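Several structures are given next for inspection.
Shared between the two complexes below is chain A, which pairs with chain B and chain C, respectively.
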Partner chain A sequence: MSRHGLAYEQAPPFGVPLLFMLVAPAFLFAAGVLAMLPHWTADLLAPRTVALTHLLTLGFLGLVMLGALTQMLPVVGGVPVPGAVWVGRIAWAGLTLGTPLLAWGMDAMHTGALRLAGGWIALTLCPYLAAGALALARARSIDTVRGMRLAVAALPVVVLLGLGLVAWLRGDWQPADPLRWLERHAIAGLAGWIGMLVMATAWQVVPMLQVTPPYPPRLTRALAWGLGVSLAWALLAPSPWQRIGHAGIGVGLVAFALVTLDVLRRRRRKTPDVTLDYWRVAMICLIAACLLFLTGGPHTPRLLAGVLFLLGFAVSVTHGMLGKIVPFLAWFHLQSRRNGRGAGLPTMKDFLPDGAARRQFRLHVASLACLSGAPFLPALAMPGGALLAASAFVLALNLVRAARLYRSHGGGF
Partner chain B sequence: MTTFTHYLGDDHTHCDELFTAAENAVAEKNWNDARTRFQDFHAAMRRHFAMEEDVLFPAFEARTGMVGGPTFIMRGEHEQMLGLMDSMRAALAREDYRAYMSLSETLLMLMRQHNMKEENILYPMADQALAAERDGLLATLSGLEHTQHA
Partner chain C sequence: MKQEVLVDARWLEPPEPMEKVLAALDLLRPGQHIRFLLHREPFPLYGMLENMGYAHRTHMLADGCYEILIEPRVRA
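Now for the complex of A and B:
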């Protein structure tokens, strides 16, 4: 019997995931401010568009996802991330300091800043990746763990391809077709890291939080393997296999989204839940993004696919998850400190009242609506960016309120 | 041949259904119905805890020698759930919608992450460690369930 299965009580202190989650909204806010300037609406590969993308992917999503994984792995897989406090702090410092420099380097096309930021981020992610890989190797092989393994395996590929692109921009080397490198970097990052991680997490947390029937086990098994193989093919040199890989990713993600919508439809609880609304928006956007990606076509729909995937799918899910994870962990850690005598303690809706959560959702959806239209009507970039910044500000306020309430009841980090 | 994972996992699903029925009755502010349904849920949870704490956990601890490990943590979370359920019963008595819903949201998170740990980790470990005596223990669990139902 594996003794590693005994370790699920070893979730990290609240301060570890909270540190990631409290800082992440700053990057969403910065992305909103940058999105107010319409330059990004013209070109998928404009320096500002690339900078904006990395503020969202590395800054906001990266921080929340790395922070949440330290908490998820002990619960889902029964294994702690070894040295979670330290590898967490190092990765946190890597993304918190490296992402602004990287985004500035992209916006200003300052290759020295790009090299420094890229190297710093790659270096500081290494301990986290090694610890995460070790934990996942020890975890019990359920489909969620298989999906997480793929996601964590995709991350070094994304980083290495990114470093290769920085080297190309600096003129240190000349790949035959740098755009192919860029495409692989994007596919490994968006489908491999973000897509796989959200999907694998959803298999556990959607039935858990919404009291829905479980995902069909045959589907989760087929998706874990199918997307893994598709991703590997999609990263190959141009060939029929690569095209099959692209199609497999698109079809797999659409299947995941459709089944998620069906599972949510069969939810047993009748109470309104803002997280449910975030998941529904996310799945609809994921389907739309994949259809736009699969049909290919000109630049503008591709830009729209990017907005729908990142903001509509990934950021929506992240908002929804933060609204559950932070209030629950705050309550749970306070309870544990009192050895289970929790009478009189604030409960989840005290940490995040429904009204505050709903305001955050409305701002997010409004920003999504405007920014989805901005590639066609650049004037929408200004209100869309402002609304995105406002949604990030409200998210930050909600998280800080929860952290302060936790502290005022004697909670430590 | 059934396993602890299936038997107790199915009982989790049964408890989830009773939880939802009680919460849905509160959502409709149908307080009398809510009180009855909450009682059913509370009884089912206590029965489930008894099956684990009186039968499965002691057998697992005796077989593996792991007394301060996962079963210790699970017992602690049972206590936390019972504490929340006491507060929910008080909220029902006061017909306090907001308090019940906030407690119920908290209990749901605690209960579901607890179940996830049991179903993903502890029960499969118990199935492995207690393979030789599993059928006898399952018969005891089934007897306990029916005795307490009666």
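Now for the complex of A and C:
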């Protein structure tokens, strides 16, 4: 284990994160198919909108993030995740089987399916969360690890609030103001889990893989603490503190996006790179989403804020990270298996050729443009959904190509 | 024959630095060592060097880059 670096020898086999990443595009594809039907464009809380949201958050983002964490935690924290192979497989089964049932239950408002899927997902995430928490408790305290601790602490809050909302829909629980609980569920999930995890990961992977200057340490420290405190306040009952919490989350995420755009601008190598374009799109969408969230307003801007945050920010970052991390890990695991004597092995570009990556990016941006307009012009839902499904299909093809190439050169899972 | 082989991989994208240094190790002759320059400390490389039978010493340079001296491990 290295004192403050990347301890790859602690990481689980490549097959553990790859299993999550190979299945995740199926959920993006399903979200695209569902988005083709315009019912979701009317209301943020329409059953179809909620189902779509969970296909993206739990299905696509959840799978990629949990898979990536099994590799990232040992690499940046310097400690292995206990039982990574098994807790990973259980969580994978939980999301892969539970998310379609949950999304169907939401779309059809079938409370029995919601309870079964919610319980199954919560149960299967428990071993993963316990193992992740143990690893994070032992990990060296750098800002990335602090951010990951916050993100992993937010996830059980999201799950518990989600289970509470299912109980409310079934009539088993009657809170005074269920929409407040729904808002807390969304804030803990979007800002606490997704926002915090992306931010903490970016502090490591952007300088390393995009060859940029490091993020200013004072900023990463302030964001790790500031977002944690803001999140805690935002989950309180309606009060001035809660409003300060909301503002703190928005300001923190905008600051992160602006600094990311700045470090990307100051990168040392000025060669075109599609993963860089994903990061830029993601940060611009994050800023726009936060500004819409902070300014509030009627349903349509809120729905647009949701599209910009989930599809524009989180899904774009995920595409960008997968485009770097999967080829890099495939290359690195092959090199390690040959003890560095890897002459004749595929390069990173062989694992993900530029042309294939660029096609995926164009489809993703076109889907984002259409789906951002759909709340105002529902006819755009059809082409937007089709483009989203197409981008997921191309992503799946690119990942399968990388996995097959890895295997054909003796890579094991 | 030069005793020192310089591999300057500063500001190259991963995994180019590692590819360059591994290629240089393949061509290393007896008595030679590698002076590897990089903008980040190459932690993933250390385990590989260990397994391949090389010793390394790392220094941070004044500009924040790293100098890694790599040579075959002397058997006791």
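Just so it is clear, the second predicted complex is superposed on the first by the 405 of 413 C-alpha atoms of A that agree within 3 Å, B and C clash if a C-alpha of one lies under 4 Å from a C-alpha of the other, contacts with A are read in each partner's own complex, and residues count from 1 in each chain.
Just so we're on the same page, a contact is a pair of C-beta atoms (placed from the backbone, for glycine too) under 8 Å apart; a residue touches a chain by one contact, two chains touch by 3 or more.
Keep in mind that this is a model prediction, so the values were computed, not measured.
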Overlay on chain A: chain C relative to chain B, clash or fit: clash
Partner chain(s) touched by A:Arg218 [first = chain B, second = chain C, both, neither]: neither
Greater chain A contact set [chain C / chain B]: B
Which superposed partner A:Arg265 touches (first chain B, second chain C, both, neither): neither
First, second, both or neither for A:Met208, with chain B first and chain C second: both
Which of chain B and chain C A:Gly77 touches, first, second, both or neither: first
First (chain B), second (chain C), both or neither touched by A:Arg140: first
Contacts of A:Asp350 with chain B and chain C, given as first, second, both or neither: first
Clash-bearing segment of chain B, relative to chain C, as chosen among 58-66, 76-84 or 130-138: 76-84
Touching both chain B and chain C, residues of chain A: 5-6, 8-9, 208-209, 211, 268-269, 328, 331-332, 335-336, 340-343, 347-348
Chain C - residues contacting chain A, complex: 11-15, 18-19, 22-23, 25-26, 39-41, 43-44, 46-49, 51-52
Partner chain B, residues of chain A touching it in the complex: 1, 5-6, 8-9, 75-78, 140, 142, 204, 208-209, 211, 268-271, 324, 328, 331-332, 335-336, 340-343, 347-350
Contacting residues of chain A [partner chain C, same complex]: 2, 5-9, 207-211, 268-269, 273, 328, 331-332, 335-336, 339-343, 347-348
Chain B residues touching chain A - in the complex, by the definition given at the top: 16-17, 19-20, 23-24, 27-28, 64, 66, 69-70, 73, 76, 79-80, 83-84, 86-87, 98, 101-103, 105-106, 108-110, 112-113, 115-117, 120-122, 124-125, 128-129
